[in-house]
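A, B, C, D and E are the chain letters, set down in written order, and residue numbers restart from 1 in every chain.
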């Protein structure tokens, strides 16, 4: 693993849990959530699966502070302080800025915060792009990149953020199986010790890198009990125990 | 399967193979293809896998007539006639028109061709949307739909096209495992007898619905020999033979 | 009733009194004419449009007519409306300029009509100065405001019947220098022009007769005339126009159809001297006395 | 309640503030009343000459609407032509820009010669002024279509015409709306400039007339009326456009939640 | 070879075609030369009075550039203010529209009173004309930002200011460019109208003067010069804008491959 991509202070980041209680949210008259409770364990990776359109993205956005929940929704961090400024969010779309090259897209966060973008930050961004396999496309604009490449730039940008809470919405969906495995490992490594919520459609992916795995279903949506596979992530993809778990997950998903 | 969604004349569509020879294409000085040969067998479903950024989308666009190949590239249909007007193309992005509701997005093709959009066509579009699980969101604009829902609308739009050659770029990437299985079956059923090229990152998906499966790799990109699983698609997802094949595919992908 | 279109030189104002009185008194109708009067915004346009055949008659200025004739426009004067110059150089009475000679080194505002700088040049030379001794500024729409607000020290192109009253109403007395008293030959301010090719139009003498009747009524019954005028143009019913009306009365041509050939020729020579025209046009080509 | 009342109150408050500012300006700068009369004087003129102003306003409104309709139709047609024919783009665009630089007084005699002194020449002038913003903005919008949609239309076998109608046009509507907003705001001045060509009615005529005769109060009263028409028209069009383009993102920085 | 020559040839051909059309118009309509002189006459005037016209053109160019610079800066600033402060939007927008409807001749004495007869009043006039298209288009662009980017900026902890600079501004550049194109095309008329307000130099002044003297040839020669300046300026700005926004899709229907 590249040393550069891991910020020096990351080890010192405190891990914070996040709790959401009695969430309620309505879109166009339809109750998407009603009394939904959910918890992200501090320092752990929680994976969320569920049918398309059930509200996974909406839940992520709610935690990121981007959706407007209705009362009596409560969103709270374990340490009682507000979540603002402690969350990194990777959306389902890549949301790259078309006028910036890959490197500048990755450096967007520090620039937006008005941090001095010195050699250290640039090197880290370079390192991250290198780690996602785009070390030779630093200046490429989004329009010149393939779908998977764009997703990888967005992933690098999210990892650049170095926040205690990281929310990722299908971050590997546009990647081939091999790249996906590599990047799962990269992400799991870099995000170790952080509170991660990862939405995915791939049960195996969830089983590889999740500490806890939940299935969301129904309308209004409910979140099922956690599955906690043994061992610590990233688990090897060919672990036979995972295949057994996968069958269980698929069963839950199809019920 | 809904009867409505299958156009009456579909049985009569002749199946045409497509051949691409000595393809050459350069982007920004880099030879993406150089002397690439590839064939789509008529009436069969060919699946294409390969690392992100290798050129799968570009190849698809080339066949769709949307990329400008350089000489000595040859693109030809088996029957010698031009491909124009006989190809349906589903891009990697959903490309829904934001000002149209789901139903109108699905009806875009006939409208663009100036066909009279009568009750029959509307019913078929409705039926397709119903089949992809959006029967209750006919009027929803893209901005009101989740990522997976948008992809399903795009899929319905492609199926609506009823063309002998169908090119699909990661059509199920944003869908959960269960919906994906269902829609794979739907697509395999509706597209039976057509010449299909399907780009996917999911080896199992390729194994379930592909007659022939190719792996693309390298720079310039080369396309490996076909894997032809036994039985006819859609194959059951829990077929143990598939798992064996999957291991082989993964080996090819990672080489 | 024959229709006749008359393009005014500018917006309706007391200078056009004879026309309106003739219309309101029914003199045009008596002459078998139905006269439509149209106001343009740019005084340069009406003669062009008459020359182009778009209208029957235009109200214009003698100097302009002569310049246009020299440029070859097929126009001819058939009558006179205002028979003295109206143009003046105006300064504030309590200002530093007591004589034309005091203008040396000062700013003079003008509204581009084509003639103003020539007039001023002649007046300055008459006082021993040159045109280059003053700074000319085109102030277009706002002669009085420019003078009142001290933007310029003098304005040329101000009308003696208007701008002086305007200054007075604003509480400032103006001092006028009359061109004809400072080396500029006298001329007819407002003339009626027709297309030269159509000078024999039988409607024209009838029109002039009606204008003459209007002028005479106007002089005989100034107060009644004023009432007629503001009835036709209610927006003009104010102090300024009332005063302008009074000051314009003595300046109307008593005999609108009469032509003073020497006056025209004298002024044409002046224009040539000032290099406003290249050749002195033949009088008969641009001015007639209808029979 | 409060919310329902507000939309009615705001214009009144704006007007009040403007009038106060105007009065303050007059007091502070001591600008003479023949250059800028104070509000009271103008209000008086507005009141006393309401009939006259209203009569002239009717003409001007007619010209504005005529010019707007014609300008928008011609502008849209030109933008389409420009974007559909490369030769048009190459040869016509310079001509259009050229036409923008022609001052009224050069054109006026021509317009009158061809169109006469009636409504037509004024509508033509207003059209000319409105025409370019619409053309330019719409043309810009038409050529900024998302390439993916065009690819889609191509594979679907859409003709140029249907691609235009179904994809390029709706995609360019926000840009068109932008141009239309500018056009709406300049339409009144277009009509007034048109009256410059020669008129016997209309607010522009009235203003010029009043100006020429130093009836500055009346001029400003007419001007206020014209401006009020302009503002009303602008907001009507703006509201209409917003309603017509519901899918378009519309966010303002100060509405960002913090 | 051919391709290299073309960009030089096209304007000449356009000019030739225009001149031919003009000549044809003169012949066909028989419009008298004191209303629309024929090209040869104007060319002669252009040639004989080149020095005079050049002298006045310099002033006008200065005014155009000044007005353009000021108008764009002020317009951009206003658009930012409008989009950043809801009150500004609510109260200022009507005022802006209002201001658009004020005819020059009402404003002229005020401008001259405050700015004098020098360059300043003309630049102010040109600025005023350029201002609104820029403001309106840019403001429209600023509020049409892709909501996803704003969400991103929010979670990244971007301040309003940095979100503006890094996201909203670049995203609004295409719209801004649209407005700038319109502004560039109307800037020359702005300068000429400014000279109308009171001037002793400039092409507008020269035209008025020639018009008054019935030197219609000279007037049209000055007009041609003005229009040429306008066209040159427009295409320079257009080329600049295209170069500055390389990421923006730019496709024209007639370039669609069939």
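As a working rule, a residue touches a chain if its C-beta (ideal position, glycine included) is under 8 Å from a C-beta of that chain, and two chains touch if they have at least 3 such contacts.
These numbers were taken from a predicted model, which means no experiment stands behind them.
Colleague: Under the document's definition of touching, what chains do chain C and chain D have as common neighbours?
Modeller: Chains touching both chain C and chain D: E.
Colleague: Using direct touches as single steps, what is the fewest number of steps from chain B over to chain D?
Modeller: The fewest touching-chain steps linking chain B to chain D number 1.
Colleague: Which chain's mean C-alpha position is the greatest distance from chain A's?
Modeller: When every chain centre is compared against chain A, the largest gap points to C.
Colleague: Counting C-beta pairs in contact, pick out the pair of chains that comes out on top.
Modeller: Among the chain pairs, D-E has the highest number of C-beta contacts.
Colleague: Between chain A and chain B, what is the gap in Å from one C-alpha centre to the other?
Modeller: Chain centroid spacing, chain A to chain B, equals 28 Å.
Colleague: At what distance in angstrom does the C-alpha mean of chain C lie from that of chain A?
Modeller: A distance of 84 Å separates the two centres.
Colleague: Determine the centre-to-centre distance between chain A and chain E, using the mean Cα coordinates as centres, and give it in whole Å.
Modeller: It comes to 49 Å between the two C-alpha centres.
Colleague: Give the residues of chain C touching no fewer than two other chains, as numbers and ranges.
Modeller: In chain C, the residues touching two or more other chains are 42, 48, 52, 141, 145, 149.
Colleague: Among the residues of chain A, pick out those that touch two or more other chains and give their numbers.
Modeller: Residues 65, 93 of chain A touch two or more partner chains.
Colleague: Which chain D residues touch at least two other chains?
Modeller: 35, 105, 109, 113, 146, 154, 163, 208, 211, 257
Colleague: Which of the residues in chain D come into contact with chain B in the complex?
Modeller: 146, 148-149, 151-159, 162-163, 166-167, 170-171, 173, 245, 247
Colleague: For the complex, give me every residue of chain C touching chain D.
Modeller: My answer: residues 7, 10-13, 38-42, 45, 48-49, 52, 54, 141, 144-145, 148-149, 162, 166, 169-170, 234-236, 238, 240-241.
Colleague: Using the touch rule from the top, collect the residues of chain A that touch chain E in their complex.
Modeller: Going by the criterion above, the answer is residues 61, 64-66, 84-85, 87-89, 91, 93, 95, 97-99, 108-109, 111-114, 141, 143, 161.
Colleague: Enumerate the contact residues on chain D facing chain C in the complex.
Modeller: Those residues of chain D that touch chain C are 32, 34-35, 49, 52, 105, 108-109, 112-113, 116-117, 195-200, 205-206, 208-215, 218.
Colleague: If we count contacts the way the header does, which residues on chain C are in touch with chain E in the complex?
Modeller: 42, 44, 48, 51-52, 64, 67-68, 71-73, 107, 109, 112-115, 135-142, 145-146, 149, 151, 276
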